[in-house]
Amino acid sequence: MASTAKKSVPTLTLAGARTALAAAEKRAQEIKVPMNIAVVDSACHLLAFERMEGAKITSISIAMDKAFTAAGHRIPTSSYKEAVWPGGPAYGINNSNGGRFSTIGGGVPIIDQETGAVLGAVGCSTGLPSQDEDVASAGVDAVKRVLAVKAKL
Amino acid sequence: MASTAKKSVPTLTLAGARTALAAAEKRAQEIKVPMNIAVVDSACHLLAFERMEGAKITSISIAMDKAFTAAGHRIPTSSYKEAVWPGGPAYGINNSNGGRFSTIGGGVPIIDQETGAVLGAVGCSTGLPSQDEDVASAGVDAVKRVLAVKAKL
Amino acid sequence: MASTAKKSVPTLTLAGARTALAAAEKRAQEIKVPMNIAVVDSACHLLAFERMEGAKITSISIAMDKAFTAAGHRIPTSSYKEAVWPGGPAYGINNSNGGRFSTIGGGVPIIDQETGAVLGAVGCSTGLPSQDEDVASAGVDAVKRVLAVKAKL
Amino acid sequence: MASTAKKSVPTLTLAGARTALAAAEKRAQEIKVPMNIAVVDSACHLLAFERMEGAKITSISIAMDKAFTAAGHRIPTSSYKEAVWPGGPAYGINNSNGGRFSTIGGGVPIIDQETGAVLGAVGCSTGLPSQDEDVASAGVDAVKRVLAVKAKL
């Protein structure tokens, strides 16, 4: 019988992270914007990372921060908008977590359709925030498709 | 024969950095604003630095951060404007890279006319952002002139 | 014609980093120690990273720091030994570079046989330092083999 | 008449820093070890810096830290030896100043013969600590010679 002192947490695997990386990279090539692509697990820790040829050096840590933030706060980093501007209820939140909390589009959580849990996140950086989110979403969607296929079996 | 496991990246030399330093310093004297002048290579690492007599102590790291950012993100640090103001898509990007991402004018990339690659950047600080950019641009232009002369030979 | 203001620097590509990752992972499976594997370019910047299932969370940054240090100081991180112990000439060097300088075995530079230049480095962490170095070396050797084959063509 | 509320502090100038840089670079070329060379003023703030072609990237901050420490604690960084080892009275001091306190040879203060004041310091890094100190000392000696000549006039 299950103990209340422990539980099991669903999370992305390295295999899942690779699925996300490959799909994100493919999308980045389609839109012709080389990307830094970071994938974290449900505990916000890095699982896999790739810097495509031509991606910006100063976007390495930004990609990681976006994935970190999306997994931890469980919403896309593009969601903050008015909330973080002066007068908004979350103004200044980007200073939290040692400055790693990113409110720039390009971080997208991977939500488990089966449990509703956040399994991890993909963060991308080098292009416009909208391009970064587009590419990160391609990675997230690929993982969801794999999970959906498995669920049906 | 070229291997896909390695490639060659163009970058600024110390000789090139000195050319930039000398020209930036000359321009700073013309406009009568002593400057901190930092020059980084294409990997965002410091190549050369000088603090002119009278330049601000608290602008030492600002000059370095501007050069770091301009080389990494490949555009002048003055380019961000609306993008980083409240409501802009990159609002909060200045918190990234351990707080080193500068969105204040005065960081200018050195773009190689021949290859289009960013060879490095010059960052200046002490004056108004427009003055800092003016002086940094003088350094960048001097390197471009040297490269153009060599290219003709 | 070559200008003295710019030069070309050889460096590892993402393709090369993947070769290193795959070989290091294979070796980690052989010795049954799951690893964090980080690969950096010649400028010490992260190119690719993977955390194998079971690798330690607190070894993520250690693996990155080992790769960073091996690429920058151009020797395996296992080389320091007496130099960094009390009484050694480099005692305390692990505090440098914002605490990122690692003197623990497991970081191995990728030296280009053709030019002698350091192309990048592989850093591993989770096992004993000797195991970490074993796995990192497997990654480095795989890149050298690919480069050697290409050189012969 | 002098007020007790203010005083005048002797310090190195940028001209003096350039003298140090040039002499240190010359010495580095003689011993065939390319160096990162940092020069700070009497307030421990960076005046000038150069990274010679081939100097280590991970030694950029080490050179700066050595100069910072030598100017602030007013002795060569090679002086600490037993004092910083376990059991020594300064054990752990390398953790101070945000980790910037360097106890590795290669940082040498510039002492004003006339007043006994520390005017600044030179810090070098890339070679063995003994080589780093050799090169830094060449820079310091050059400044002392210039000062001695001026004092005689």
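Per-chain residue numbering starts at 1, and chain names A, B, C and D are given in the order in which the chains are listed.
Operating definition for what follows: contacts are C-beta pairs under 8 Å (C-beta built on N, C-alpha and C of every residue); 3 or more make two chains touch, one makes a residue touch a chain.
No experiment lies behind these values; they were computed from the predicted model shown.
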item	value
Interface sides of chain A and chain B: same vs different residues, half threshold	different
Separation of mean Cα positions, chain C and chain B [Å, integer]	29
Computed distance of Cα centres, chain B from chain A, in Å	31
Of all residues in chain C, the ones touching two or more other chains	7, 13, 43-45
Interchain contacts, given as pairs of chains that touch	A-B, A-C, B-C, B-D, C-D
Complex contact set, residues of chain C against chain A	13-14, 17, 43, 45-53, 57, 60
Footprint of chain C on chain B - complex, ascending	1-13, 15-16, 19, 41, 43-45, 112, 119, 143, 146-147, 150-151, 153
Interfacial residue positions of chain B with respect to chain A in the complex	7, 43-44, 68-69, 71-74, 86-87, 89-93, 95-99, 101
Residues of chain A that touch chain B when the two form their complex	53, 56-59, 61-62, 65, 81, 84-86, 94-95, 99, 101-105, 128-130
